[in-house]
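For reference, the structures are reproduced in the following blocks.
Common to both upcoming complexes is subunit A, partnered first by subunit B, then by subunit C.
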Partner chain A sequence: MHHVTLDQWSRGASVLHRRDPRVKIAAVLMFLVVLATAHRELAWLGAALFTVLCVAARQARLPLRGALARAGVVLPFTAVFAGVSWLAGDPARGAVLVMKSYLSALAVLLLVSTTPLPALLRGFEMTGAPRFLLMVAQFLYRYLFVISEEAQHMRKAALARGATVGGLAGNAARFRAAAGALAVLFARSYGRAEEIHRAMLARSFPGYFRPLIELHLHGGDVIFLVLGVVTPVALRVLIERAA
Partner chain B sequence: MSPLVLVRGLRYQYDDGTLALNGVNFRLEAGETVALLGANGSGKTTFALHLNGLLSGQGTVEVCGLPVNPKNVVEVRRKIGLVFQDSESQLFMPTVLEDVAFGPLNHGLSPKEAAQRAMAALEQVGMAAAAGKAPYHLSAGEKKRVAIAGILAVEPDILVLDEPTTFLDPPGQRALAQLLSALPQAKILITHDMQFARAMCSRAAFFRNGVIVEEGSVEQMAQRYEWDFIAPRTT
Partner chain C sequence: MHIPDGFLSTPVWAALDAAAAPVVGYVVRVAQRGFDEAKVPLLGVMGAFVFAAQMINFPVGIGTSGHLVGGALLACTLGPAAACVVMSAILAIQALVFQDGGILALGANVINMAILGVLAGYLPYHLWGRSRGRRAAIFAGGALSVAVSAVLALAELLISGVRMPAAVLGVSLALFLVSALIEGAITMTVIGALEAIQPNFVRQPAAGGRYALVAVGLAAVLLAAGGVVVASRAPDGIAQLAIQTGISGRARTLVSTPFKDYQASWLGAGWPAQAAAGLVGLALVGGVSVLIWRKR
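Moving on to the complex of A and B:
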């Protein structure tokens, strides 16, 4: 599971890990804005920003290859649109799409890999993100593993009863079985959601989470904020002027 | 001295028409540990949900002298802690510490006080070392302990545990019995595990079709209702 690995990475002790989540969120947002709005010298800018992200990953003591590979999870999605652009006679546009989406994913992955989820959610909350959205993200993160485990158990149960028939007729049967399993999984998840809600009410849930984590900005955070915001802007300005 | 829990004539019907409770009378005194026995669907869990104000039927339910109603429900939930059967549903926060601090924060403690209270509860159940862990990294026994810590953190007077030995292996059950024996609160245990009930409970109430048909010792209930299972010898 990706989120188990990211959870382990996020509990490191590097300089980047110690920074206040709010300044990391601000830096990533600036990075994304600079990347999304760029339209000149994209090859150079992409290379420069990629280098910045690699340096940051090394500073955070993350396994670089693992991080680069995990950021590639967006490629199957963007590759479809890139393919459409290529077929429409605009291969450059397709390449830019792939480059921008990969760098964006890598930047977000760095943020998630250097900030434990509770601190990250608290950071988003304090920067004005909707509480309901954060609550959904928190539950998804907590129960993704549980639901995945239930799905694995159901798959094993199906295999144990001989659900391995091949051929066209076998595929149709497998599809029907998978659809049924999905419905059962949905019903179980719904039941679990009701149990969770009951457990929350039993402990006097007022309708929103009261935060346990208190965030405080330090000198190092301010320096990081300045560097994180200025670096992508400066790189873009320098590269576009040099062209 | 007034009882910790006093229930009179409790009736409850689910939306689908099932009459789950049909006039339950019950009392729990300080220091008691009572087993609720009976078949699946006889009303034990529905009854427990009324004690915490999660369900509301006809009749009266009083906890520590407070009638369970919308006005008192927050105070009632501080006095009576409910440990659910499936700890996976009870541990919903990203980390163990945050989960255990959830109750104290909801009862108005500051983040610092809540964290201290949570750490003390985790130490009480022997899980302080897991404070920073995510709940999915824990074993079933550890999850149960953390779920109990989440309840102890609000310092309740009464603990209600629904099928506490489910998912636990024999060492886990033994550890749980030792932990519960050491806690001073009055307890209500909903269980099918007669060995556990015998070890823990001074009294038992037997549910059938939504009413408590009889109360007595665990042994009396086991004999009267043949509520025990001893595997027949096959060799």
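Moving on to the complex of A and C:
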């Protein structure tokens, strides 16, 4: 599963893994903005930024091929629009869509696979995102695995009862059965949330997560921040000047 | 429809990010008023439920299946503000962990799906949830939530200069309409099943008041209805702006096409036909809602 692999990758100990999440967020945002606002010499710029990302992935000791393949999850969606642009007589625009969306996804993938999600969300919190929302996101991620597994079990049970055997039940009956299964999943999730809440109250949850590690900017983080912010800007300026 | 990075033009994503930040902040505050901070696990686990719900397939005929999107279902069970927060958290996790939707485009996706989609989905339930047409209102809510988010996303793409031949535009609008009707049916059936398990899972809409909610929900529906009409005419407007500001040379590859003057062939020419198509879509959702109302 995609998120399980990324979660494993994010537990590494490379130079990139050790950087403060805030400087990584800043570097990725800068990268995305430079890419999104570029309109000239896109082929060269794309190639240069792609090289930067590949170097970063190597530094993070991530399997390069795996990372490149995983960033391809955006391609089916993008390919549809690239095809449509091509039909509308603008193949260049289609190519730009593919390039920009793929490189953006790769940059975000690098961020997520070098930063464990709790640290990443903590980084976002310190940049001003609402804490309540981030806590909801963190719970969501934590229980994603649990509830998904429950849904898988229900699906398997339904299949074992012949849910997909044609002719056994009409479409309407199967539709109602699926709705019933979903309602049961809803009720179980709700019940589980209440249990979690009681357990947290029993452990005197203060209303926010106490961070285990305080974030501090070190010298390495500052150097990374400067490098991460300057590199994409400098590349773009150089390439556009050279043209 | 999650918009990835690289699709929206800079003014569009920047404006929507700027709009989404305060709106999400406000919605979080409203949701916190309804749920004290210790109840945060409920919203998180229900977000995980919406994710997991995608694994349960609903047969919709001829070998295809649909799945729950969830905005309207959450709004009817947790309340609109909490539903907005849960959907925003889902979009953030999807953008970060699953690379489904961009980071710069997160504001756009949040506005489309987590804010306007959810509020439009709650609007019929808020207005008619206490009347005899309750089931129809839930159906219409589910359908509206998907239709509004999809059409807004499409409009943003068109405003950003993504070119679409009229036939493709027509087909995608038709597909949106079909998935909207499926979501309506799923939401309505699931809420029926939920009430059979435990009636108090589904919230009764607050009586009267909440004019702001009604206004925003209505605005979302109108925006979506008008969005495609405006957007399909807007690229020329943006091209005009580019020429005026002298960046046309730079942006030429992005905004000009050889088929600049082509006309929609089967949709007919100009905006009246497109507006009519939008109205037909809304009328269809309304018609099915009335049928469900009668059936009770």
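Here is the rule we go by: the second predicted complex is superposed on the first by the 223 of 243 C-alpha atoms of A that agree within 3 Å, B and C clash if a C-alpha of one lies under 4 Å from a C-alpha of the other, contacts with A are read in each partner's own complex, and residues count from 1 in each chain.
One rule holds in what follows: a residue touches a chain if its C-beta (ideal position, glycine included) is under 8 Å from a C-beta of that chain, and two chains touch if they have at least 3 such contacts.
Quick caveat, the model's predicted, so the values are computed rather than measured.
Colleague: Clash or fit: subunit B against subunit C, after overlaying the two structures on subunit A?
Modeller: They fit: once the shared chain is superposed, the two partners occupy separate space.
Colleague: Tell me the contact category for A:Val74 with respect to subunit B and subunit C: first, second, both or neither.
Modeller: second
Colleague: Could you let me know whether more residues of subunit A are touched by subunit B or by subunit C?
Modeller: Touching more of subunit A: C.
Colleague: Just subunit B (first), just subunit C (second), both, or neither: which does A:Leu117 touch?
Modeller: So A:Leu117 meets both subunit B and subunit C here.
Colleague: Would you check which partner chain A:Leu109 touches, where first means subunit B only, second means subunit C only, and both and neither mean what they say?
Modeller: second
Colleague: Give one of first, second, both or neither to describe whether A:Ala151 is in contact with subunit B, with subunit C, with both, or with none.
Modeller: second
Colleague: Can you report the vertex angle at subunit A, computed from the C-alpha centres of the three chains with subunit B and subunit C as the arms, to the nearest 10 degrees?
Modeller: Apex at subunit A; the opening toward subunit B and subunit C is 90 degrees.
Colleague: Figure out whether A:Arg142 sits in contact with subunit B (first) or subunit C (second), or with both, or with neither.
Modeller: In the superposed model, A:Arg142 contacts both subunit B and subunit C.
Colleague: Which value in Å is the smallest Cα separation between subunit B and subunit C when the structures are fitted on chain A?
Modeller: In this superposition, no C-alpha atom of subunit B lies closer than 8 Å to one of subunit C.
Colleague: Take the contacts of subunit A with subunit B and those with subunit C, and give the residues found in both.
Modeller: Looking at subunit A, the two contact sets intersect at 117, 138-139, 141-143, 146, 192, 196, 200-201, 205.
Colleague: Report the residues of subunit A in contact with subunit B in the complex, numbered from low to high.
Modeller: Contacts found on subunit A: 4, 7, 11, 116-118, 121, 138-139, 141-143, 145-146, 192, 195-196, 198-206, 209-214.
Colleague: Of all residues in subunit A, which touch subunit C in the complex?
Modeller: 2-3, 6, 28-29, 32-33, 35-37, 39-40, 70-71, 73-74, 77-78, 81, 84-85, 87-90, 92-93, 96-97, 99-101, 103-105, 108-109, 111-112, 117, 120, 130, 132-133, 135-144, 146-148, 150-152, 154-155, 171, 174-176, 178-187, 189-190, 192-194, 196-197, 200-201, 205, 207-208
Colleague: Considering the complex alone, what residue numbers of subunit C touch subunit A?
Modeller: 2, 4-8, 10, 13, 24-25, 28, 31-32, 37-49, 51-53, 55-61, 68, 77, 85-86, 88-90, 92-93, 95-100, 102-104, 157, 161-165, 168, 185-186, 189-190, 192-194, 196-198, 201, 250-251, 253-254, 257-259
Colleague: Which positions of subunit B touch subunit A when the two form their complex?
Modeller: 49, 52, 54, 74, 77-78, 81-82, 84, 86, 88-90, 92-95, 97-98, 101-103, 105-107, 111, 114-115, 132, 134-136, 150-151, 154
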